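All chains are identified by letter, namely A, B, C and D, in their written order; residue positions are counted from 1 within each chain.
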Amino acid sequence: MPHHTTGHQMSDKMQHCIANCTECHNICLETANYCIEMGGKHAEAGHVRLLLDCAQICANCADFMLRASPLHPRVCGVCAEVCEQCAVSCEQLGDDEQMKRCAEVCRRCAGSCRVMAGMKM
Amino acid sequence: MPHHTTGHQMSDKMQHCIANCTECHNICLETANYCIEMGGKHAEAGHVRLLLDCAQICANCADFMLRASPLHPRVCGVCAEVCEQCAVSCEQLGDDEQMKRCAEVCRRCAGSCRVMAGMKM
Amino acid sequence: MPHHTTGHQMSDKMQHCIANCTECHNICLETANYCIEMGGKHAEAGHVRLLLDCAQICANCADFMLRASPLHPRVCGVCAEVCEQCAVSCEQLGDDEQMKRCAEVCRRCAGSCRVMAGMKM
Amino acid sequence: MPHHTTGHQMSDKMQHCIANCTECHNICLETANYCIEMGGKHAEAGHVRLLLDCAQICANCADFMLRASPLHPRVCGVCAEVCEQCAVSCEQLGDDEQMKRCAEVCRRCAGSCRVMAGMKM
């Protein structure tokens, strides 16, 4: 998603993180729906819940940055953790194209949220 | 934002509308913050409220499509109306780069939501 | 939830609808989680999706009223429809205490949203 | 808001925190709108942003608990901080009935979120 700010002075790092959170929100919600439709191990409660958790905290995290909230590093910190756990959960389901893509997006989002949270990579 | 679906069969039209809603959510939230910071006519209650309304219904609308909900055309219909009003409100503030960009994104989102809602363009 | 407004002049009807939407959001999200944990017919994709749709549009609808948005009747109209369909879906699963309570709350929320939307009861 | 769980075994402490977060979300959103309408010091960007941050993280926090997410203590921890800062910001505006009530609700929500986060009171 192109995201040019003019009015505000928003750092490239933050714009990048907003784009990652937005993409991660979208793929997690789509993947949750895919997993519920698949049934079986894909629809296991812990996995679906993690996808819904990740979708929600990513949207929230993006919104804190879009509002230029000084509290965004705190939300980014939690978001990084949720994304990381979601990536692991997707990888464990394994040989599935949707899961692989979702894990990849979650991992990338976790990385840029860690940067915004001031954590080490 | 690249958005390739593999598991699902999602139409290009729907993917396009999700991308538009996502972009519109983001710019409306960013613009609401910009307007509150600017103060004066930018921070007029009706205008800020419309930006917040538009940000929220766009996120909601994208999520209905990401869940492949059969009810998405109903939400797209309302979203189109809110986006349209938000575009008008931004245009009336006029000579401002942030407002112009926001109006443009809202107008584009309204258009693709109307398509998804089965309304005439 | 007690909800006394002082600053604003908010009608009893609207306060009532906000409380119904809030309660409906909460029970639908809780029920979605319950259904995913139960598995089987409870976890059928169409049913879970409807619970997630209903949870989200109810939160959105409450927020439009809390912002005193003039566009709230449009969102209330869609919310009433989603709640109605969700109530039916819960009733069809039948002999389950969680489903019965969820159906009841959805039906009540649909009723007060119809009033706010200016629809006939 | 009455909140009886049947299917799940949800602790009283968690039900209490969900109710507090829900109430806090609602009053913060209502108060943000009130402040934007009031203008002047009420509409100062930092204050309005904090009210919007608080409304959003409270909704998010309630949802993590409603989904019985094992990650809820992390979100509750951040929510407690945001609520605390929002309470202070409302108190500084002072002699206003809406601000007093909002500060009170934020402070109560912060307290029960700290409990859920496993922090000391």
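Note that contacts are C-beta pairs under 8 Å (C-beta built on N, C-alpha and C of every residue); 3 or more make two chains touch, one makes a residue touch a chain.
None of the values given here were measured: they were computed from a predicted structure.
C-beta contact counts were set side by side for B-C and A-B; A-B has more.
Taking each chain's centre as the mean of its CA atoms, B is the chain most distant from chain D. At the interface between chain A and chain D, over half of the residue numbers appear on both sides, which makes the contact a same-residue one. With centres set at the average Cα position, the gap from chain B to chain D is 27 Å.
Centre-to-centre spacing of chain B and chain C amounts to 23 Å, using the average Cα coordinate of each chain. Spacing of chain A relative to chain B, judged by their CA centroids, is 21 angstrom.
Multi-chain contact residues of chain A (touching two or more other chains) are listed as 33, 49, 52, 63, 67-68. By the touch criterion stated above, chain C contacts chain B in their complex at residues 49-50, 52-53, 56-57, 60, 63-64, 67-69, 71, 74-75, 77-78, 81-82, 85. Only residues 1-8, 18-19, 22-23, 26-27, 29-34, 59, 62-63, 66-68, 96-98, 101 of chain D touch chain C when the two sit together in their complex. Those residues of chain D that touch chain B in the complex are listed here as 33, 36-37, 39, 43, 45, 48-49, 52.
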